[in-house]
Structure formats: C-alpha cells, structure tokens
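Working notes, structure below.
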Amino acid sequence: MKLDPESIAEYNQTQLEGHQRKLSYWTQEVAKAEPVIQKLIDFQIAIPSWALGTGGTRFGRFPGGGEPRSLEEKIADVGLLHALNRASGAISLHIPWDIPTDPNAIRQLAAQHGLRFDAVNSNTFQDQLDAQQSYKFGSLQHTDPAVRRQAIEHNIEVIRHGVALGSDALTVWLSDGSCFPGQLNFRKAFDRTLSSLEEIYAALPNDWKLFVEYKAFEPNFYSMTVGDWGSSFLYANKLGPKAYTLVDLGHHLPNANIEQIVAILLHQGKLGGFHFNDSKYGDDDLTAGSIKPYQLFLIFTELVDGLDARGMNHATDLGWMIDASHNVKDPLEDLLQSVEAIQIAYAQALIVDREALEDAREANDPVRAQEILQDAFRTDVRPLVAEARRRAGASLNPLGLYRQLNVRQQLIGERGAKTVTTGL
Amino acid sequence: MKLDPESIAEYNQTQLEGHQRKLSYWTQEVAKAEPVIQKLIDFQIAIPSWALGTGGTRFGRFPGGGEPRSLEEKIADVGLLHALNRASGAISLHIPWDIPTDPNAIRQLAAQHGLRFDAVNSNTFQDQLDAQQSYKFGSLQHTDPAVRRQAIEHNIEVIRHGVALGSDALTVWLSDGSCFPGQLNFRKAFDRTLSSLEEIYAALPNDWKLFVEYKAFEPNFYSMTVGDWGSSFLYANKLGPKAYTLVDLGHHLPNANIEQIVAILLHQGKLGGFHFNDSKYGDDDLTAGSIKPYQLFLIFTELVDGLDARGMNHATDLGWMIDASHNVKDPLEDLLQSVEAIQIAYAQALIVDREALEDAREANDPVRAQEILQDAFRTDVRPLVAEARRRAGASLNPLGLYRQLNVRQQLIGERGAKTVTTGL
Amino acid sequence: MKLDPESIAEYNQTQLEGHQRKLSYWTQEVAKAEPVIQKLIDFQIAIPSWALGTGGTRFGRFPGGGEPRSLEEKIADVGLLHALNRASGAISLHIPWDIPTDPNAIRQLAAQHGLRFDAVNSNTFQDQLDAQQSYKFGSLQHTDPAVRRQAIEHNIEVIRHGVALGSDALTVWLSDGSCFPGQLNFRKAFDRTLSSLEEIYAALPNDWKLFVEYKAFEPNFYSMTVGDWGSSFLYANKLGPKAYTLVDLGHHLPNANIEQIVAILLHQGKLGGFHFNDSKYGDDDLTAGSIKPYQLFLIFTELVDGLDARGMNHATDLGWMIDASHNVKDPLEDLLQSVEAIQIAYAQALIVDREALEDAREANDPVRAQEILQDAFRTDVRPLVAEARRRAGASLNPLGLYRQLNVRQQLIGERGAKTVTTGL
Amino acid sequence: MKLDPESIAEYNQTQLEGHQRKLSYWTQEVAKAEPVIQKLIDFQIAIPSWALGTGGTRFGRFPGGGEPRSLEEKIADVGLLHALNRASGAISLHIPWDIPTDPNAIRQLAAQHGLRFDAVNSNTFQDQLDAQQSYKFGSLQHTDPAVRRQAIEHNIEVIRHGVALGSDALTVWLSDGSCFPGQLNFRKAFDRTLSSLEEIYAALPNDWKLFVEYKAFEPNFYSMTVGDWGSSFLYANKLGPKAYTLVDLGHHLPNANIEQIVAILLHQGKLGGFHFNDSKYGDDDLTAGSIKPYQLFLIFTELVDGLDARGMNHATDLGWMIDASHNVKDPLEDLLQSVEAIQIAYAQALIVDREALEDAREANDPVRAQEILQDAFRTDVRPLVAEARRRAGASLNPLGLYRQLNVRQQLIGERGAKTVTTGL
C-alpha cells in the first residue's frame, strides 16, 4: 500500500489547533526553537530491511500478518514509515536477504519513496543453503583459509551490490568468537580477522566507509573476536582512515557507560555510525528509548557536543540506523516509536544550554551541571518534533494516523496473514 | 546404534593399569574413598530429550549430522550415553516434541537401555501449528481465559503422558512476562498465573511433584512473571506441599550467589530440582563446569550439606537434570563432558571435611574454612569418578571410547548427515 | 541558621509570573492538575540524619564545610530543607550516631521546624569504641550468642529512643554475611538471624513496624544474609504482621526489575518502606533520579497503582526516605535535587491514564501501553510540583533560593569550614 | 619478628615424608615436572605495602592486632612472608604512605630480607593534610591547572623516591572521573589527563616503565576517565614505548572476559603488569583464587602463551603484584593464600599440553580443547608448588607453619593489639 498524501493533510488538520497551542507556548518560552526544528527536519534515521518483520528468540517467534514478502515490499514499508514521519528517509539492506536482481529498478523504486540506501550489511553469521563453507566456527577469523576466503568474497560482493544502489558504507558485524575457554587462540583469531578485514578494506571504493561493529556476547557465549570498542578501535585504526567503529547500544556489558565511549570515539575521529535500540539485559533489541530514555538523551548530548566540536554535520557525517527486533509489537509501530524517541532525545540534546554547562563543568559544579542537563530532559519537546514533521509534510502524529488508517489490516489484506519476511 | 558391552570391557582393559595406579595412590591417601565411590555410582543425571540435537541462537543454527529423528532414536542416544558412563540413567521428555504414540513400547524401550523417565516438561512458550490460541502474550498469565485454559489443559495432558511413562514430576517453565514497561499488570499477571497453576496442581497425582522453574530474563526482556527464586517460592508455597522450586543455573541476574539460594530453598524444604549448565552472560546453556567449575562445586557443597541435614537421599530426593544447548559441540560429547563435570563437583563436595569446616565456621575462621573447601576442590578426584564408572560397567573414559568407536560417524551413517531433531 | 519566611515570599514574587504562565498552560491542557497538586502537598520524604554531611568511599572523603556538629544542627539542616521545599517534613535518626540526651527538647526542636521522626535505624555494622563484642563476623547472625545478645539489646534500645521521639518504625539493615565461600553456614546464619529478629520483634510496641532491609552485596562481598527481596520477605513473613520488607533502590544485582519487586511486595501486603537514591554500578547512593529517572517513574507507577488497589494512603502507609551519600555535591543541594526528582516521578505517575492503561493491557497492546506511560513521563510536570510548593509555603525553586541566599556560606560562617558530621 | 630459618627446616622435616610420596607420584606420571618447578622458583609476586593491615569499606573497619606501624615493619612483614614462601620477594610502595626518610637504610633492610622494590605507586585520590590543592574533582584531569600541577609534581616525586630505592616502574591509578551525568566534559578530561601523563612520562628514567591502570567504577560512580582497557591502551599508545597498560582483575564490568583482554594487550606489546585479587561484584579485593579459580587459570594460560610467543621472561618482563584488601582475614594469612593460589594457577597453565591445544584449535574441536585445559586445571599441582618452595628454602606449608609459630600473636606482642597501619 502507499499512503495517500491527502490523508496526512486531513489528519493534521484535525490535530492542528492543539498542536499550535502547544507549540506557541513553546516558542514563547524558548528562543532557539527554530534552529532545533530545522535540525530535526534534516535528521534522518535509516531503517534496516530486516526489522520490517516480526522478530524472535531461540525459543520461538510469533509472527503478525502482512509482513513484506520481497525487497520491493520492504521498500514500500519503509516508504510508508517515511511518508508518516519524514524522518526515515533511508533503508539499510542486508545481503543475502535482500539481493536486488535489478538494482536500477530498486533504486528508482526507493527514489519514488524519497529513500536513499544507507550502509549495506554483510552476513557471515549464518550458513546459506548453497554455501561451500560453514561459518560454524567463525568467518573472518576462521582457521581454514577457504572459509575466510568465502567470507571475504561475500563482503566484496556486498560492496558491489551497495555501489549499484548508491550506498556508501559497509557494516561488518561479526559473530566470530568462541563458546568455550580454550576453543580459540585469541592472537591468531585477531590476526586472521585483521588480515581478512584488510582485504575487504582494499576493495572499498574511495568514498566509502567501513564500519566495524563490536558486540560483547551472543551468539558466541565465551568470547567475541570484536568484543568491545577497544577491539573495534584497534582494528579500525590498523585498517586506515576509511574504517570506523560502529556502536550498537545493546552490544555492551552490564552498566557500561556508552555515552563516554561515544565521546571518546568521536574525539579520536573514529566513530562511524550508530545502531539504536534499547535493552535491559543483553542485546534485547527493544524499541529505542523504551527502557532507558535518559541514557539515550545523554548519548545524544555527547553526539551533538562532539559533532559540533569537530565541525561535523549532524545529519550526514555519522550513520544513523535503528537495529531492533519486534517480538511482540507490530514492526512498523515499533519503528515509529523508535524514531520518535530518537527525535525527542536529539531535540532535548539540542536545547541543552551548552555555554552554561561548560561553565558549570569548569567550576566543578555537578549540581548545576545536572540541573542544566535535566532541565533539557524534563522539557516537553514533543511540540518541536511534531512541528518538524508538519513542516516536512509528515503526520503530526504518525502512530495515531497509522492506527486510524488501519494500515496493518490493509497490509494483511494485500499480503496475507501468514507471510514471513526474511531476517531475524 | 547400540554399544557393544564388549567394546567397553576391551577399552577399559587398555586403560586399567594407569587407572589402578592413580586409584591406589588415592585410596592410600584418603580414607573415605569407598563411600564416595558408592554415592557416585548411585547418582544419576537425567538427559533432556531436546539436548540431543544441535542447539542454536536467534542468529542461526549449525547442525551436525546423525541427530535423532524420533523419540525412539532420542532414547537410543541417551541409552548410548548411559552405556558409556552409567550415570545418565534417566530421560526427561518435552511435550509436544516427544509425544509417545505407544507409551508401553516406549517404556519398554527405555527399560532396555536402563533408563527411567524423569520429570516431564510442558511447552507454553511456542505456538503449535494446530493451536487455537497463541502464547505471544503469555500462557498461564494471559489476559484471555481461553488462552489460560489451553495452557492449563496442555499441562494436564503432559501429566497424563508422564503417568503413562512412569514419570513422577512435572516441570513448568514459563516464558510468561513482558517486553516493555507498561505492558503487564504485574498483580494481575501474578494472580492469573497462580490461579492457573492451582488448576494444574489439582490435577497432579498424589505421588507427583510440581517444579516451578524461574528465570530472570529471555525470551521476555523486561519482566518475567516467575523471575526469581523469591517469586517461585511464593507460588510453590501457595500451591502446597507437592510444589517446589526448580533452579536452573543459567536463570539468574549477573553475580547472583546461587549456592546461597540453593541452601535457603533446601532449608525451607522447597528445593525440588536442578537444571545443570554453565554460563558467562545469560542463559548461555554451556557445558556444565566449563566456565565456573568452582561455583558448581560450591553449589554441590550446599546440596550435600543441606540434603544430609534433612536426612534426604542424594540420588532420589531431588531432580537432577542437564539443560544445555549444544551450538558448536557434538551434543553427545557435550553431555558426556557435562555429566563428568557434575560428578567431579559432587565427588569434591563429598570429600569436604565437614566437621573441620563447621569448626572453622563456628570459630569465625574464614582462612581455615577456605583452606578446607579448596583442599577438596584442588584434589584430583577423577580416579574416584572413573572407578565408580568401572564398577558400574561403564567406560573408564566415556569420551575417549566415544571417539575411538567413531560413534558420531556411525550415527551419521544410520541417520544421515542432514537430520534435524526437534527442540531448541 | 534558620530561613526567614519573608525571604521565600520575596523570592517567589520574583518567579511568580513565569510560574503562573507555565502553570496556566498546564491547567488548560490537563484536567486533573488539582488532585495531583494536593497529593504532592501531602507527600513528605524523610531525610536521614547521616546524609547531611559529605559522604565518602573507602578511598577517601572530601568534606565540604558547615556540616552539622550535633543532632540539633542536623535537625536545623532538615528544617532548612523543609522550609525550602515543604516536602522534607521528617527526619530519620541513626543510633548511636544521634542519641538524643534530652528527647523532649529534641522533639520540641523538631516540631518547631515542622518535622516528625521517621523510622529509627540501628547500627550493627560498625564497632563502637566502648563495645564489648565485635561485629566483624556479623551481628544477628553471629555464631557467638553474646554478640547476638549485644546486637539484639542495641536494637531494643533503638526502639526505646524511637518511642521517646515519637517514631513508629525500626529499620534493621544488616551487613551480616560472608566474604568468602565456606565462611558461613547459610542455614545456621538464617536461623540465628531469624531468632534474633524475633526477639527484637517481640520488643516492638503495638503500633510500630519493623522494616527488614535487604542488600545484594557490600560490605560483605560473597554473601549477604538478607540479600534479596525473597530473603527479606521470608523473614518478614515468619516474624508476623508488623514486619515488612524495605526496598533500597541501590541494593540489587545488575539489571534487576525493581518495579516488579515493588509490585509483588505491595500485592503481598509486605512492602514497608523505601530508600531512594540512584546508581549505575552498585550501591552508589547517588542523587535520586540522576541516573535512571525513567526507572524511578516506573517504580512510582507501580507504587501508585498498588497503593490505590489496596486503598492505602500514599503519604502515610509506606515509609519514604532518601538514603544517599553526597561525595561531590553539597549535601543539602543534593537532597533538594533528590526530593524534586522524587516529586516529579510521583507527579508523572499520578497523571498516567490508568483506565486507558488497563485497557491496553487487557488488549495485549504493548505499543499503546508504552505510549500511555511515556506520555506521562514526557510531560513536563514541574509547574505542578512548583505550585504544590508555593501553596505549601515553600520556595518555587528551592535550589535557586538556596544558592541566592548563600546558605552554605552562612553555615560555614556559623559552624566552621572543617566540621565533620557523624555518619558514612 | 624475624623467622628463624631453623624453624622452617624443622617444620619441613615433619612434612617431608608425605610430601615426597605425593611428589613421587607426580613425577612418575608427568614428565615435565622439573621445568615447572624451576619456573615456580623463579616466579615472584610483589606485595603492596598497603595490604599488610586490615582493610575496610566505607561502612567500617575491624582491625586485627600487630599491624605494622612503620615502613620498616612493613618490610619486616613482607620479609616474613618471603621467608615462609620464597615467592614474595618484592614490595610495592605507596607514596605518601611509605615515604622513606633514609632510602639507603631502607634498601639495605629490604636486601636483608631478600626483597627488591617493585613498582612505586602514586596517590592522587586522597587529599593529604598539608595539600594546597584538593583532588575532590580529579587530579590529572582537573579543570584547574594548579591541581594538575600538584598531581604531576607528586608523581615525579614518587619516581624520585622509586629511583632512590631501586624500583623501575611507576603505577598510576587515577580515581579521576565523575559521579553524575553532565559533570565532566569527557573530551577535555581525556586531553588534560593525557597532557598530564605526558609530563610524568617525560620525567621517567630511561629504563623505567609507566603503568596506566584502568578501572570501571569506584570511587567515581558515573564515569572513570581511565575506565577500561581501551582507554588505557589509548593513553599508553600516545605516551610512547615505556608506557603500558596495567590490569587489575577487579576493575572490570560484570562478565568481562579478562583473559581475552590480557591476550590482546600482550599481543599488542602493551601489557605491563598485573594486580591479582578476586571478586564477585566489583572491586571486592578478595584473596586471589577464592571466587573464580578457573578464571585465574585461564588468565595464566593466556599469559604463559603470550609471553612465550613474544620470547618474554615469565618472571621479569611483566609486573606481578597482589592488590587485595583484607577485611576479615589476617592480612598475612590472606597474602599467603593469594600467593599460593597464583602459583597453583601458574603451574596448571605451565602443564597445559600446548601442542595438542593448538591442534585442537586448528581442527575447530572445542570438546578436545576443553579437555586439554581442564585436564591441566583438574590436576593437583600442589606437590610441585610445595617442592618449588622446599628447594627455595621455604616452608612446605607456609600457612601451616605461620599458624604453628603463632606469628600473629608474636606480632601483637611486639606491636600491640591496637596498631593501625596506613593504607586502605
């Protein structure tokens, strides 16, 4: 299905008065509403193609209906989200789940929805049906050069697909590691992984970036070969200037201070991109901002500060993506909630009184510093986010409109109740 | 395949001299070898039917070959393990994965292998193909009475299957909970779960036990309705004298002192059974003793002490089961390693000088108490475990013989390289 | 020093216009502002006497100046806080740090400040200079009956002091436990602790409550004898109807779902009181709401819901106290921030649309349930909190006024720059 | 007191027969006993001067008696340990707690005990009585250049003291960080810390090393400026070839894979030294090997492997030190237990069949790899450790002799029951 632009305009009309009242209160109180609104309009968060269907755990999966059955339908779904919120203007593909048979047609289709192609993702954590080699014991780290070769070639092929679609980054997430003490020679695993990454790096077009993602545990439960930011940084540094660390919020040990990691990586010029989600225990892949919204705000506080300090463009100089798993929510609703939570955190970070904050810091005044941060966090910035949407042609309330239009029912009607999308 | 008893005798002959030498050193040094050996012979650990195939994670599964294709083949596999180690004399079935069409025949088959049927396990964490109701939002806690009804009836049916097989306990593990703050009314979820359990409890034969298993997280990532020992104890206490708490080593928050939990539950008369495995991060379901062997020993130290204090029978008054997932190891080899690690921990716990330990405790002498525990833990009890096996007719080295006989290759020959067993 | 009421009125006058503007926007949008404001006025949070000085860690302590040198000065400090926010109308004493030589005079002094005496706290985690017995190896759990006797008598003495002051509850926090595996017989430690608590319980006046506090770790680093809510509940249940569990937010293992614990305890009629603080790693004792404000809100959501379900009075039927350690902030400023964060969380919990939330829950609609909760959390309730303060005669901005009046400088002038208060 | 060498010989005589029996069994079974014994003789673990007295927590301290009252008595205590085990031949001083007024005399005294001076430690986490500047808000990271200057000068002074004593390394542990979100500008804190470290590095003698220690949390409870191995590595790398990372086992987030960190750092040529202790929750500073002995073994497995791979000397090319806090044990007994646990782990790591292990790894055989590691771990290597002690002139059973000689009672007789040593 495609959203009728009229329906957005009509819906907004019914919400407009309340919105204006809230907004006018806002603009009365706060001077810098305008630049915040503009930054919100510019800020786009990529949607991964694998997050459009119901997710699951090793214990099972409870699919909903109307899930996309093809790459075209995935693009349609992201197009729908983008039509609703004008903040999801990119899609991140996963190979081999999303191999485009006709890249030009796919590019055109995406363009019709106003979407560009974000980082492409390789997959060496599963065995494909026709695979010669198995990744049971790793891919880029594998003891057998033939397995490494297959994994390297796969990544280079992913780059080729990405080039054809106009993407400009490759995200490498490795599940490589070990499940038991003794299983792995850590040194050799490191060297083999590095050497494999070097071959992939060499195949990277000049204007591309390579994102090295790290993860503390799962699916390997003793060691992960790219297990923390320190390891990822080490690899990225050895690879060269086009290699960066990618931070996924769910990929840390308990209690990690992620905002400090972000600040350090940005300060060292090695932060490349972001996977948003939320979690309480591990890589729970829950809706962004659903568990620790203050942490999300603190991360954005560091991002805004660090990007500004380096004169970087908020919207384009880092890769922004959601990476979540929708086990009990309608995937599209979950994504709408995630995008909104990210926008709220970003807006709150933008209204932090930076000058006062630096003053408080230099004066070693943690009470004042906390007041300044929490003043921004406690402020209800939703009118700004809604206004940014309105100006961009989106719905004042994407989720509300989604439900009012019975989108899921329409999708089930089109695609059936038992469709299963590829992905996790 | 079935193991030729001759092959065990022959193998043991080749190992006997070395074994005798080690054992004689042992019996020279330590007086109480004999009772320990006898207790080891009596101690049997149930094998769950779902642990006979390759496990997986949400990211994938890398099956090996020769996996059992039927309940009969699962029994054959456990029979094989038991023939090798004479310590795996029970099998724990899971319904609906293992519904026996002819219970008498199945019972006979098991008896031929020297196996009895341990606790039966219900499954309300997955939707079966023909199910009327979905467990997407829970089972015994569900807001809809029809879902609860289906889940209750399923549990009662599981009891019926168990009765037919000669089992005498039902293990209820609930994945019920919530993924997001707000999703669940904790009070109502508690009351509904309790009320559902009461109906199941009412259907329990007089000589049966009900094990209420708890788990901190996964597959629900915000709350679990039976989330910790306190909750499980609360349910078990309200249900009555046939209800007990079941402890799975992997179902705790980070850093939990499991041995203390075990001691308290045993002291309160509410410890019912055990699921052995090991883990570093969450419910990693690794080989018992592969990550924290000292913790396993400390748990057995409390078990032995607590069972003795209540005059309970080590071998029969608690349910002992392995619950692991074999993602990268041959499942049968993994189980052999688990059983051996459990036996070692048990043997070490048995040789602790209890009297001296109590003296040290009463004297508030943690240095001496630690010396006493670690003296037992540092002692190499493997000759005792091997001797117990030898006397019971098992292999002195089960894993060694398994490999020498190329069992996995034989199973692949019989069953094929691409079989997939039911289960996780 | 004592705050001149005039100064509050004057200060409020300068803030009034802005406040009215924000408030009128609020009352325009939301119908139920009035009952929320009234509940906020009634809600009082006790201040512990030991939180009025600079806290420290085992690595050191960096005292500020002007700390209270006596019980009288501690009462004056709490009086000051209460004058500023009219929400800190109770003080919680700690014996032996705060033994009142003339209880009547102390009672009168407190009354002059509008303060009542909250739960009294015993101390068996430190050795006093004149003590006959040492708590090095525990107190109520101790192997030596003479140590238990001393600890029991001390608790009974604390009750006597509390009676003299008009308090009506005793909080027992035990550091009892063990630092090393083997050190403790868990069963005996449980029984001895229970037996000791029974003696204390027997000495409790009829209208008193006994709060059994639990803590996962520190200062014992292997086991704590009252280590989790399950243990505390077990003790409280065995003791009788006047015994309750007390929850301190920082006393849990990583990732614990505290709001669920609160809901269960309240549902079982065994939640007695609360210690507010915040933490990232352990018992960090940071300012309430400074690390995880959403968790604080979720806890209040359960509290409000659970109290209402049992027809309990929010303000009086549970004990509310801050328990924090001020290592780098001015203690009084820290407490003002904590109280405000608690009030905000409480107000947000009060405006949750309960009916809609129950609807969403019954409909298994986690998307809607989250929207409802987050709508309340994202709402800026600070105008309501400020209005509650204004009506109660407090400052619209307690921290702002505190700083404007240079309270700390005045206290240093009165008391000196090098004072050290008793406590942690 | 000084130990009479005769007493060791006499004691050993009483133990000799049993020891010989155990050892002969050992040497019969295992070929490589001799080189292991030699390596154990060479391996010395430094004792920190602050670990000779009773430790404590923020909640209190329960001192024992006979604690050293001066640097001379601290050296005597380490000398006593070394006489007992011949494996504690170094002492690590802490400035300003141990400022030697006459370095030559101190050097001579140490030499008489067979001790050398290990890394010297600076202290910028406490304010000294005569300090001009306060470290309340950090030292090397401080916003105020005067504070940084004081901290830099202090470190340079510590180097001077170290040079005078014949030490050749400086350990810098910084408690710098922040307690609250917002308090710190992470970038500036990083740059200031680096710049301060550069000045200290510049003052380092040519043959010295600088150890940059990291810690995840405590005493700062929101962020630590050198918070993980990645940060420490970053600093060490920027500083130059004399700078290394120091690993303290208790300074990690929950569930961290420390052995992998060790392997990576060693592989990158940046591992400098080690602080041994054990923990369950945080920086619990318990006896080495008392909680997770298998982890200790796994770490040594990586150390031995990594050192050998780089052709490094086990005994001298890394700094080995205990860093523990003795809250409930006699400090000297605790240290004897720690040293023994470390020796056992080291000996077990030395007997791992490396060739077979590498074979198993290359064959992706985690079952066999685990068997190989656990075979070494399950072996009782205590006879080898005892033999190494015997040959070096130490007691076959240091703790046994310590107790038999009533050393603590003698020390109390000499020094009194109420002495308090400097330190934590």
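Each chain gets a letter, A, B, C and D, in the order it is written, and its residues are counted from 1.
Simple rule for what comes next: a contact is a pair of C-beta atoms (placed from the backbone, for glycine too) under 8 Å apart; a residue touches a chain by one contact, two chains touch by 3 or more.
Computed from a prediction, not measured in an experiment: that's the story for all the values here.
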Number of steps on the shortest touching-chain route linking chain A and chain D: 1
Identity of the chain that, by mean CA position, is farthest from chain D: A
Rounded Å distance between chain B and chain D, as computed from the means of their C-alpha atoms: 39
Distance between chain centroids, defined by C-alpha means - chain B, chain C (Å): 43
Shared-contact residues (touching 2 or more other chains) in chain D: 136-137, 179-181, 183, 216-217, 222, 254-255, 257, 280-281, 287, 290-291, 294, 328-329, 366, 370
Partner chain C, residues of chain A touching it in the complex: 21-22, 25, 28-29, 254-255, 257, 280-281, 287, 289-294, 328-330, 333-334, 337, 341, 344, 366-367, 370-371, 374, 377-380, 382, 399
Residue ranges of chain A in contact with chain D within the complex: 136-137, 143, 178-188, 190, 216-217, 222-223, 227-231, 233-234, 252-257, 259-260, 263-264, 267-268, 294, 298, 301-302, 305-306, 309, 357-358, 360-364, 366, 369-370, 372-373
Chain D - residues contacting chain C, complex: 55-60, 62, 125-127, 134-137, 175, 179-181, 183, 216-219, 221-222, 254, 279-282, 284, 286-287, 290-291, 325, 327-329, 424
